[in-house]
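Note that the chains take the letters A, B and C in the order they are written out, and that residue 1 is the start of every chain.
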Amino acid sequence: MAPMRWPRRTLLVLILLAVWQWVVPHIVTTGPAFFPLPADVADGFTSLLGSARFWRSVVTSVGRVLAGFTVATAIGVVLGIAIGVAPRVEAFVDLTIEMLRPLPAMAWIPIAILWFGVGDVSSVFLVALGAFFPIVLNAAAGARTTARDYGKAALTSGAGPWLRFRRVTLPGALPWVLLGCRVGLGVGWMVIVSAEMVGAQSGLGFLIMEARSFARIDWVVACMIVIGLIGIGLDSTLERVQRRAAPWWGRVAA
Amino acid sequence: MAVKVEAVGVGKRYDGRRPSDAIVALRDFTLQIFAGEFLAIVGPSGCGKSTFLNAVAGLERIDEGRLFMDGVPITKAGADRGVCFQDFALFPWMTVRENVEFSLEAQGRPRAERREIARKYIELVQLSRFEDRYPYELSGGMKQRCALARLVAGDPAVLLMDEPLASVDAQTRLILQNEILRIWGENRPTAQRKTVIFVTHSIDEAVFLADRIAVMTSRPGQLKEIVVNPLPRPREERLRGEPTFSRLTMDIWDLIRDAAVKAIET
Amino acid sequence: MARPRQAATLGWRLVLPLALVVLWVGLSQVLTSPSAKMMLPPPEAVGGAAAQLALTVHPLFGMPPLLVHAAHSLERLALGYLAAIAVAVPLGIAIGYFRGADTYVNFLVQAMRPISPVAWIPLALAWFGVGITTVVFIVFYGAFFPIVANTIAGVRGTSRTYVRAAVASGCGQLRILRRIILPAALPTILTGMRVGLGVGWMSIVAAELVGTQSGLGYLISEARFHLDIESVVVGMLAIGVLGVLSDRGMRWLQTVLVPWQPRA
């Protein structure tokens, strides 16, 4: 069964594309300006890949997302692990985190523009804000769970606080931290596209809005595909890190 | 014989949401465990046997009475008392060797020495071929062996085992019972044996392993009787078929049956 | 053990929020220049804007503007979200239950998933124009994937033993689906619906920032345009409060619909 799946799936996709290219135009008569045909998108894609502006936009967006993500990871991991191991720290920050968390990062876009203007700083701020909460919450859960499940074993082995932290809490929390990072990076990527649509003069989000205002619907679709591909690339990179750093994660451990 | 661990009138209660929910886990629990002795504690679910073990380990505070090791009050966990947990609690991010080495690392031994000692114990539990594997790659019985090696590698004076064989299958269980006796040092003179407190549900396991069997009842957890095991050492498999073995098992069951039935019903 | 300390920790928990409020009040007393007020509005200004937006009847709408915008956002959220549930749950069950749907539909769904809802905004604007349809579509798209993914996982995760027990007691296919697989998958589906609602909120704000003339997202975008930071803050607060309320509602729904699941 399994080996037959992909040829059949490919066939299905080809049929769908063919229907889209040759049948849909006869039904939807508003014209290719609204329903870009596969051939148009392919053309748009090639011209996009050939333009320096497109590549600059990619570099700008990815750079912003990585910068914001780095900030969020640095603060989120340290704070999260502190929350997980120290009930006092948790009590100190949990109300504040719970009050800020329900607000989607997108709702910060207008105020970020007022505070930092249009451009890199507000973009990085927004990405960091969006990525921070999944990272800090997962890091805290990881440290807490590790202490619960393995704290006693570490204690009765006679290990001191530093060794327990270094050899038990940190490695135990690592997979959770990486999971939080993956979610956070995904949110960050969503946030940056949104932020660039409203509050930037550069980046993929700006480019796609511009393509729309020039009625270049083929570029819009091509940009969407690129946004999706970059999202996959970012996530699979972290997934690989996760598998390499914690091969035991997700298996029946104990 | 020297007293290794001593409990005098130990009491422990868990407060519930309301006063009526409070559970008395241990009441007036007095027991002496001698150096080099293998003591088993049996009793129905919820009789407080794990609570007692955790208290000796220094993982739980007691509310009443006193608890000593070598005449010194127990206040916190320490490397002189090793614990083998029911779910093993092997560190999933460490290989078999790193798990076994961990308590040596805690003692600050140099790397080469650590490795050598760990190797010896890994060999003792027949896991040499698996020393670089992670716990998830091991079968249940192998995990248990790894936990045993980790338990003894740090050379604690007292071994505390909390139903260590509860999660392995029945046949592996029989095999591991022999291994526990071997690791404990059954073939050595008493002076060189470690002190073991072994908590279990299984009466025949207690009879096969222990020198003395402390029988507990539940709600509140109290010591009902201490049964001295007349079976000769070294314990051999054929003893399981002896009339003495079955009679002893039956006698102990008679002691706890009523409490066990009550434990199911509440 | 933690019980007697709880009274003490409550005070400790309030330290940071109170400190932030004090800092805000203090800074707005010190920084009184017009440009500073633009960056950090004093609390009384935010309060004034909140009263203005929430209590003063707008001559055009016949209602306070904040309520109008909130109602519009909630209406779009409800439409898009309910549509997402209506499509994603049956589709997820089909993919989880029937091999054919898994082979030929699931991979298409998975291929669409990486394209985030916000990336669809320009195309949706081209298709549907500025207005409610665009926003509803974006909410639908954002909420759809978590729900479908969890429905598939829930159906697939149903223990084979339950199914076998049902077959052994003479259950037919449909009854197994209705009495065994659906209830067993329900907790997972509800979790997906909760995540989907969260993504829906993100999506609606993003879509309203550019794709409408009303709604809370439009409100804060427009206020920013007029450099009216007080209204921006009020709008953000409204979004946050509605987000919390809808999440609480979902949590309540979980306890009502799955009474047999022990609560953590």
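Operating definition for what follows: a residue touches a chain if its C-beta (ideal position, glycine included) is under 8 Å from a C-beta of that chain, and two chains touch if they have at least 3 such contacts.
Not measured: the values here are computed from a predicted model.
Novice: In terms of C-beta pairs in contact, which of A-C and A-B ranks higher?
Specialist: A-C
Novice: Compare the CA centroid of chain A with every other chain's and tell me the farthest one.
Specialist: Between chain A and every other chain, the largest centroid distance is to B.
Novice: Using mean CA coordinates as chain centres, what's the gap between chain B and chain C in Å?
Specialist: 51
Novice: On a C-alpha centroid basis, what's the spacing between chain A and chain C, in Å?
Specialist: Going by mean C-alpha positions, chain A sits 18 Å from chain C.
Novice: On a C-alpha centroid basis, what's the spacing between chain A and chain B, in Å?
Specialist: Their C-alpha centroids are separated by 48 Å.
Novice: Quick one: which bits of chain B touch chain A in the complex? Just the residue numbers, please.
Specialist: Residue positions touching the partner: 57-59, 77-83, 85, 87-94, 102-103, 105-107, 134-136, 143, 150, 154, 160.
Novice: Can you name the residues of chain A that touch chain B in the complex?
Specialist: Where chain A meets chain B, its residues are 149-150, 152-160, 163, 167-168, 171-172, 174, 246-249, 251-254.
Novice: If you look only at chain A, which of its residues touch chain C in the complex?
Specialist: Touching chain C from chain A are residues 5, 8-9, 12-13, 33-34, 87-88, 91-96, 99, 102-111, 113-115, 189-190, 193-194, 197-198, 205, 208-209, 211-212, 215, 217, 220-221, 223-225, 227-229, 231-232, 235.
Novice: Using the touch rule from the top, collect the residues of chain C that touch chain A in their complex.
Specialist: 2, 9, 12-17, 20, 38-39, 103-104, 107-108, 114-123, 125-127, 201-202, 205-206, 209-210, 217, 220-221, 223-224, 227, 229, 232-233, 235-236, 239-240, 243-244, 247
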